[in-house]
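Remarks on the structure that follows.
In this document, chain identifiers A, B, C and D correspond to the written order of the chains, with residue numbering beginning at 1 in each.
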Amino acid sequence: MLGEVPIGAQYADTGWFGVAATFMVMVFILYNIVRAHNRHDLFIRRIPGLNAINDAVGRATEMGKPIVMVPGLGQLDAIAVQAISIFTHVVRLAARFTTPIVLCCADPAVYTVAQEMIRDVYLQEGIEDRYDIDSVRFISDRQFAFAAGVSGLVLRDQAAACFFMGAFYAEALIFAETANSVGAIQVASSTETTQTPFFITACDYVLIGDEFYAASAYLSREPVFVGSLIGQDWSKIAIIVAIVIGVIMNTAQIGALKLNQITEAKSDAAYKQLAAPRPITMDDTTMSLMFNPQDDKTWKVERPQKPKDTADKGAGK
Amino acid sequence: MNPGMQDFLNAWYPLIKLSAGVFGTVGLYSVLYKENKFYRFVEHLYLGLAGGYSMIALWTETLDDTWYSKMVGKAATHADAAVPGMWAYAILLPIGAMGYFVFSKKHNWIAKIPIGIILGLYAGQQVQAWWNHYGPQINKCMQPIFPTTLASFTVPSKVGLSPAQVTAINQNIYPSQALSNLIFVATILCVLSYFLFSFELKSKFFKGMTRTGRLALMIGFGAIFGSTVLMRFTLLIDRMYFICIEWFKQGILHMR
Amino acid sequence: MAKIIGDKLQSLPKYWLFAILFLVTSIPLFHPLSVPTPPDDGSADLYAHLMQVPAGSTILLASDWTNSTRGDSKGQFVAIIKILADRKLKAAIYSTADAQAPRVARDTIAEINAVRVKNGQPPYSQWNDWVSLGFYPSAEGQLSSIATDLRKAFASKTEQNPATGEQQDVFESPVLQKIYKLSDCALSFTITASKTSDLTVERLLHKTPLVLMVTGVMGPQTQNYYYSGQIVGLAIGVKGAYDLETLMAKGLNVPGGIVSTKIPASAPPLSNQTDVQSIGTLFYPPLQFALWLLIIMVVIGNVGMALSKMGAQSK
Amino acid sequence: MEFLAQTDPGFWFGQPETMDLRIKVIGCLVFGFVLLAVLLNVPSRWRKYIVGAITFFAGLFWILQFFWPQPLHRSPTDLPANPKEVVSFWLDDAVPVVSDFTSILTAMLTLLGIFSLLRVHLGRLFKMQKDWAFSLVLAIAFVCQATFSLWDYYDRKANPQITAGHGWHIQNYMSDLLFDGMVQQFEAAMFSMIAFYILSAAYRAFRVRSPEASVLLGAALIVMLSYMGVVTQWDGFVKSMAGSNQFLLNFQLSVIRSWIKDFVQTPSIMGIEFGIGIGTISMGLRLWLSLEKTGNI
């Protein structure tokens, strides 16, 4: 029992561990973003996928055929904004040689943000007049109407380079196969783990998993992207260290070459004596008790009660 | 609806409905051969019907119940007491209207306010959801890598043993299980090291780790490709079932 | 010579391939045959948990699929509704993935009821056995709301009570009258063709046992949840539907039933065996032929490449 | 403190169909549009801070709800015991209202996307550009679907026996035909076309070119074989040969498949997922604090 009214449901027993881990990741990321603002020499290794992006834009420019970009199918979220920020790099290259670009969106909010970000690129390059508002298009928010629309467009305009970046689902192969049939170079990346093998088989180059986030950090050298990428690296190292420590502790507690016995076990957030010693299981190890907080049903919290007449009009009518 | 028309529809409507579906399916499949007018017709028919439905579904499936009826409340009926209306929901109409300024050259910045609310709510959700998704999985990666008994290399068969013997076998970790756990831990550590970007992995050991990480990724992706291909064909079989059985056999030939 | 054969093998016209695929996936539909395959652990665990739920309790069911993934998801949805009807369990059905999903769920249950009434069984009726709670475009927001206060998450939802003909609050229906918060529901099912499976685990974990039924493409990713114990049951694509139909017919770890080494629990087959076979059993045989076609084509492609390379080197 | 919690029966509620509620609703609308007008004329250098503040407070709600101590074992009739619990009660009660706000705003913005679809196609129609006929088809389909499904919705609300399938009229038939008969089937057709692309991609691209490609090919074949009927014949043959020799029994296809799934496939996908999860948190933080230069103004 924790004495007077406990500090909070999610902090009861070992619940604080998850909250602390989340807070640690937040601190790693925000601290590194601040650090990246002050120091501009933070190192990020160049991922091979980026050479493929520049080659693809170069090829489209030679052939004078359009570049088709699809920022994925998800709603306006972290992935869509990240995909569009990679596309701003592509558009900056293409805008210099007036290569036609088409950016197809499947979500209205993504369409609005894409409209803004692509217009910013033309602004920064000082060629506001060459910006065509219909180069950023909303096709449909239905997954397969969108697939039909985009593959029809790739076929009709005979696109030379296609970039499929972001959250893709089953329709990803329709784009990749259609782009293949017109002989376009394809650089793709899906944050959906299950779509990546299809991209690997059908596209020329694929950024796997986190390389998608690393791409925009490397391309733009933006303090925010560089800082958050380093913060993410620290968090991954923290996970690696946690797993190594966890493996060592669990191996020791379970017993190397002999099975340890335990005499007391934890239930309802308190250690209780066992009737007879029994072999330890994975759920009894300190690490898993840390990860899985227990709720003590017997905690009674005395709180003033609502006056009777308004009681039923409250939450649970 | 006059009875003549009603009988006609009762008899023929199911077949008309199936035929409309088959017409569109064949039209869309025609793009497999090459992009053609028939495909483009069905494509635009589909975009229009889908857009029309999405627009109406927003009102019928969401705004009518979650916004309008909560705002105005519901009068008492003999079955239910009156439900008071929450007038503060009305503020959402002007905020939603701000989104439509995206088309105006001068004021398109204001469209960022409703998007800002949605983005902010989404961002807060991500911080909250991370631990429930990944915490238990990180914990599961902490597998014991030493055997607790050297009685036999692999797990002995439990056929025809007393329950006490079976539980004893289940509690112990045999060398083959310990080896598998070691492979599990090695794979997760190699794959995580492949995704480290903020320092150059010069030493041979790290280079070896990232190369094994990439090989493990390929096994993972191969398994994903295999199980996903299996399911892709199911969707095609479902279309064949729709055309061959539901439309042709049951619709036209009336065979059950 | 080898090069000519190699190049020819690698350049079979695409349209022949498509024609063969059409035939391979349609002809076996006309005369079904059975293909015995052991059920996955996740499907057996799902069946065991669902058969142990006390009769009369309520299941929260997220139906996040439409007819575009009918092949994968409808077989799963039909299997679950048949088990719920057979065991007299109640279901509260909602959707956060697609505006069309509530309507598709209604029509599918109507189809099942038509067959049940023809076989003299009571229909799985709206209001008394299940209620439809509509669609919510923001999945994250609605799932968080369900986790904190289920009653408020579905406030102001009404449905037509067949007895009185009046539109009444859904929390007065036999399905939801005893339900005040998520942990009152015996299980939470999510049948989905999108990412709502991840969003459900992130928000409803520890509130009630979770079961996910996903399409094939989401199977491997969702496997991690089952492996880490975050969900108690997992059905993947039409193999999941096929496993459930086999278990509904034969039972799990019971005499004459399916034996599973990894899942210790036992569960009887359904009490009423009429109309148990459905989409899973029907689609599984043509799937075998399609997979053989794919494997043969991969082998031809590689043999062609090897021959071309040999031919080129010998020149 | 009751702003979002909506549980205080007095201030935030109005009795249905009474003048009092209508005045409050209209008052709120007027206030909203006045706010809109004021915001339109706000000096441009404030804009960035207004949008940043709005995004920050929207995100702050869920982050506060995660970190602020939640009430332990709260029953519906409890009142907060101390100031800390006043905040935590308010946070819990406001969750359904905030999630409604997200649903409603997302719905309102989806209309915006549909307008841009119409703008592109109606523009092509009126300027008689190439393929204007197809845009006409799109427009007609859009109008038919919209009118019939709205008409059908209110028809079903008025007399519920329609849902059971009796007494259908023209609008019910048309709505059913256009929605269930066409939109659903067209979508299924598009989704199923992927099987053809997979077959041609596997035939064309699935080559043993590099060690990685052969590893991917090997794992995929093992998985596919384990789902097919061949697994029962292969396992039957191995069982008959191995008898009770545990080591040989490991060569059953289903055993190999489940070993790869549990000890290589799962950790490799977990490795990618951990990376993506942390990436999503980092992007969430950047959006919340408007650090995304390209995202905002």
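Convention: a residue touches a chain if its C-beta (ideal position, glycine included) is under 8 Å from a C-beta of that chain, and two chains touch if they have at least 3 such contacts.
Owing to the predicted nature of the structure, the values given are computational and were not obtained by experimental measurement.
For the pair subunit A and subunit D, chains touching both partners: B, C.
A simple rule picks the central chain: find each chain's mean C-alpha point, then take the one closest to the mean of all protein C-alpha atoms, which gives B.
Inter-chain spacing, taken between the CA centroids of subunit A and subunit B, is 16 Å. Averaged C-alpha coordinates put the centre of subunit B at 12 Å from the centre of subunit C. In whole angstrom, the spacing between the mean C-alpha positions of subunit C and subunit D is 19.
With each centre defined as the average position of its C-alpha atoms, the distance from subunit A to subunit C rounds to 27 Å. Along subunit B, residues 28, 31-32, 40, 43, 46-47, 50-51, 53-54, 57-58, 62, 66, 70, 74, 83, 99, 102, 115, 118-119, 121-123, 125-128, 130, 132-133, 136-139, 141, 185, 188, 192, 195, 217, 220-225, 227-230, 232-233, 235-236, 238-239 each make contact with two or more other chains. Annotation for subunit C: residues touching 2 or more other chains are 18, 21, 25, 68-71, 100, 136-138, 140-141, 144, 149, 152, 155, 180, 215, 217, 219-221, 224, 227, 239, 287, 290-291, 294. Along subunit A, residues 19, 22, 25-26, 75, 77-78, 109, 112-113, 139-145, 148, 170, 193-194, 197-198, 200-201, 208-210, 229, 236, 239, 315-316 each make contact with two or more other chains. A complete topology is adopted by the chain contact network, contact being made between every pair of chains. Residues 74, 143-144, 167, 169-170, 192-195, 315-317 of subunit A are the ones touching subunit C in the complex. Note for the complex: subunit B touches subunit C at residues 32-33, 53-54, 57-58, 61-62, 65-66, 69-70, 74, 77-80, 83, 121-122, 125, 128-130, 132-133, 136-137, 139-140, 220, 223-224, 227-241, 243-245, 249. Remark: subunit D residues 7, 9, 66-74, 76-82, 85, 88, 93, 106, 109-114, 116-117, 120, 183, 186-187, 190-191, 193-194, 197-198, 200-202, 204-206, 216, 220, 269, 272-276, 278-287, 289, 291-295 touch subunit A in the complex.
Residues 15, 18, 21-22, 25-26, 29-30, 69-72, 74, 99-100, 102, 134-138, 140-141, 144, 155-158, 161, 164, 166-169, 172, 198-199, 201-203, 205-206, 215-217, 219-221, 224-225, 227-230, 236-239, 279, 282-283, 286-287, 290-291, 294 of subunit C are the ones touching subunit B in the complex. Listed in rising order, the residues of subunit C touching subunit A in the complex are 68, 149, 151-152, 171, 180, 194-195, 215, 217-221.
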